[in-house]
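Presented below are the structures under discussion, each in the form of structure tokens.
One chain, chain A, appears in both complexes that follow, with chain B as partner in the first and chain C in the second.
Right, the complex of A and B next:
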């Protein structure tokens, strides 16, 4: 395959397609990753958005993007991408649009959309092998409405709808849905997890994705200071901690074949990641919930014990 | 291809309209009684006789989204649904209307669940009344075909730029064969030029943000009211489109159809395919010497106040048969027509009837009952409360069904 992968953050593209001054919260991990994604995708991309925090990026008459934009509704951004992709193909085929005017089509949603309300329309787009990109900014709850439980909310997270109380000391009792595997079951050409703390890995994944026609899907773990109750200055560090503890595995699947792209040499204990976040504060105070912390550690260990070293490809 | 004449169902008539309009893109999702439309189009597209693309979506919600997004990219789009499907996609009706994308959508009317049913009434399409879509309602198969062509002209006019519904009744029209003249393609091209989107498109050299959020009521009010003004302007555009259609094809469709209304003293107001029953009843009662006529509502959004008033003013009594029910209020068109007539000095008495719900027949006796009620109202000056048209036989049959279901009649 003829493509140039980068080795260091010094090699990140200088091109900027997302400019500062947006209304997102300080320290938004999703915005950090989106900036890198758009460096990779370039200006000739139309962003199809579903309801979420990022909807407020483009508020009439302003947009922070070099790109085109269409806000659809909550459940149907992949269907909007279908309409645009098909229309561009028709216009080019019927010679009503110069092929130079063609655009990449990219869906941009949060986890509430990707894991819950938009799952059916995404499944449809994957089934139809739609040639598009999908970036899910996963902050593990419905963030724009103030942090309520979603299908992406991990076990033991406090959210607005899984509060910690006398009858529920752990917060959320459900595990996080495995969206990577749900999407992978559709056998898309390219699927990856990304993190704002690993921009080199992120850029290289987009470079690889670009060589495939069909769905190219990315799930970004997005530190969310407002929802996670963390210091906005620590977002990149928290994203890195999620990777270093093994909670967020950086991987890709090419036509279903999974390879981990980053495997920490020595895993940090999950506690290092949990204890920094207000949403997990009840695990440490007023009394330490050892059993819950242990269960989270076991879930992470169980995942990695199933991963062989052969799955690792150095970035 | 010259004009031809064929026996077509309402559904295939619509499909012919879409084919002649040289539509580029057809996102689909099946639902009875609409499915024949998309199957016919899919066959033509896959056979290569129609240069378009069709795609099967995962729901009506996705289907309307894809339709709107494709139109926002600059192609001519058609889609169709019915009843539950329309309501499943409901959120997107308002959304795409706000995008100002001029595509055509057919709704084949069917009563809404629950109870779940198949036959027509108009609560489905009237639920979309305030969405921003224009609405044309059809009585015949020929009208369904012709209305598709007129709909594109109307919607794509730069003074309008709103999506549009063409409505017809499920079963009674969708599956009824009538002789239909299929227009000549060159004549259609003369009437309907290719769609050139100057306001909504996506291309690399000219980035555009569409459908974006507004903060605050003043921006929101501005864009909403613009839609209203554009819809009202469609009344003027409709006259031009209708005149030109008549000139080229020799068939004329006004916003409202007056049937024997000129000298009439009493008027029935109806819409869609059941109007044919109403017209038969008018002919019958005229033979008995009653000066009756029928007003058929065709363009329902924008609402043709002036045309409606021109027909109804000075009449003795008008009976509106609503094939719909706003639960807790009554007939939807009754309220709209009453509103339109409120400031008329010479306004007729206005009676309200609910009939034909879920495709229930309206019999000759029921029409007779309405005519008598109008005469009585004029003679006494008193208007009775809105009534449901329901015959004694139907009542007895319902009692029988209830007893089978174990619900005994309780005095």
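Right, the complex of A and C next:
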């Protein structure tokens, strides 16, 4: 396989395909990751965007993209991608498009679409082995409408629909769905988690993904100052803390075979990540909820205890 | 003509009491429109005013307008106050009073905060400028009141969150009693904040703003519009009715640099050219100059300060932005 992997942030592609001036919140962690994804994917990509924060990127008459962009309803972005892929294939077959001019097709959604509303149409696209990219910007709730809980909301997070009440003191009582495993069960050629704090890992994952035909899926943990009630300046640091505490594992699965690309040498306690965020503030104030914090730590420990050294590949 | 006796402001922010005299006629209504940027607190400000008026025995209505807004993008909120039940609905296009939380919105044609203001209406602008300077600078014909509530917010709360402060300003101009404002701030702040100290600080800051404003007279206007026209929207085929953007990368025209409260400033003597700031800017505003040093596009940098936080050698400083 002929691939050039990069080693440091100095090697990141210089081209900017996502222009400034977008309406996303200052310090949006999802935007930071998307900026790097578009460096990797380049201009010759069609973006199919399901409703969510990122549909606000292109509000008439403005667009930050160098790419063609199509807006779909929440449930059907992969169906939109199928239509575009088919159209391109037909044009090539009829010799009306030079194969060199072919475009990549990329679906862009938030977690509300990926984990809940669009899960079925993604499953269909995976089943049909559609040749496309999927980027899920996971800020762990419906951020665009005021941070209501989604299937991606983690245990104990406060959201608009899981407020901290007198009887339910923990916020959300449900655990986060494991979308990586749901998608992996379809055996796609390439599937990975990414983080805006690890752009080198991110770019290399796209480089690897490019060598496969079929679905190539990415889940990004997107620090969201507006929903997480955090300082916009902390978004990159929080993304890194999520990795360093083991809450967000950076990994890839090639035809279902899982490898971790980053394993922290020494894991930080989950508290370091939780206590910085307003959505978890109730775990510390007015009284410390030791049992809830311990439960979150146990969930993380349990995950990593199952991971063997052999599952790790240095980037 | 019924009127509310009301406040103007003092540039130097000396605290001044003026007995306010409020009189709403039965057929009169005060319509207030708030303009801010998402996250600044326009919505809660409109709620504080509404609640304060309600606690004082008025009928009140308040609501925000959400469209394609994110934190930092222009948003609008509305309050109606009347002696009689309020039957009017929908956005206020002809306000008696406008509260502008962010001065830069005056230059944003999409926000256009003074549009439709009634003759003799009042415009409050959050700025360090005097009313005369602001009037001149932004070409506002109406009566202008100014106060730098961002500074008060930073000094008293440590945050540029202006909800209860703008609520205090609006309550004073609307001729609401101090006690009603106090109760309203307590109620609304404890609905969104758990930190008792921060609630107290909000109350203090709100009252400070309330008292920093002089009395003046503001007219209320007719309560109910005579006609409510129904607009016919003709059917158009999708090619005409759905928008198409036939260009690439034109968002820099939006100039999100207006969102900043603080700006990053580089110190090239300390900078090691490590590129971390370039890699971490969500908006892709930072590039390298000919000498390999980073610089940002101040027209669009939103002031998130991730670059300041992430620079390993602390070569980027956070400086309070003054939009000139």
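In the analysis below, the second predicted complex is superposed on the first by the 315 of 315 C-alpha atoms of A that agree within 3 Å, B and C clash if a C-alpha of one lies under 4 Å from a C-alpha of the other, contacts with A are read in each partner's own complex, and residues count from 1 in each chain.
By our rule, a contact is a pair of C-beta atoms (placed from the backbone, for glycine too) under 8 Å apart; a residue touches a chain by one contact, two chains touch by 3 or more.
On a predicted model such as this, the values are computed, not experimentally measured, just so you know.
Novice: Return first, second, both or neither, reflecting whether A:44 touches chain B, chain C, both chains, or no partner chain.
Specialist: Only chain B is touched by A:44; chain C is not.
Novice: For A:216, using the defined touch cut-off, is the partner it touches chain B, chain C, both, or neither? Pick first, second, both or neither.
Specialist: neither
Novice: Does chain B (first) or chain C (second) touch A:102, or do both, or does neither?
Specialist: Touch status of A:102: first partner only.
Novice: In the superposed arrangement, which partner chain does A:91 touch: chain B (first), chain C (second), both, or neither?
Specialist: Only chain B; A:91 stays clear of chain C.
Novice: State whether A:285 touches chain B only (first), chain C only (second), both chains, or neither.
Specialist: The second partner, chain C, only.
Novice: Once chain A of both complexes is superposed, is A:19 in touch with chain B (first), chain C (second), both, or neither?
Specialist: Second partner only.
Novice: Touch test for A:65: chain B only (first), chain C only (second), both, or neither?
Specialist: both
Novice: Should A:56 be classified as contacting the first partner (chain B), the second (chain C), both, or neither?
Specialist: both
Novice: What residues on chain A does chain C touch that chain B touches too?
Specialist: 56, 58-60, 63, 65-67
Novice: Residue numbers of chain C touching chain A in their complex, please.
Specialist: These residues of chain C touch chain A: 38-39, 68-73, 194-195, 243, 245, 247-256, 259, 274-276, 278-285, 297, 300-306, 308-310.
Novice: Would you mind writing out the residues of chain B in touch with chain A in their complex?
Specialist: So the residues of chain B touching chain A come out as 24-25, 27, 51-53, 55-59, 61-63, 65-75, 91-92, 95, 202-205, 207-215, 219.
Novice: Inside the complex, what are the residues of chain A that reach chain B?
Specialist: The contact residues of chain A facing chain B are 43-44, 46, 48, 55-56, 58-60, 63, 65-73, 75-76, 78-84, 86-91, 94, 96-97, 100-103, 120-121, 123-124, 127-128.
Novice: Mind pulling up the chain A residues that touch chain C in the complex?
Specialist: 9-10, 12, 16, 18-29, 31-32, 35, 53, 56-67, 164, 196, 199, 225-226, 232-237, 281-282, 285-286
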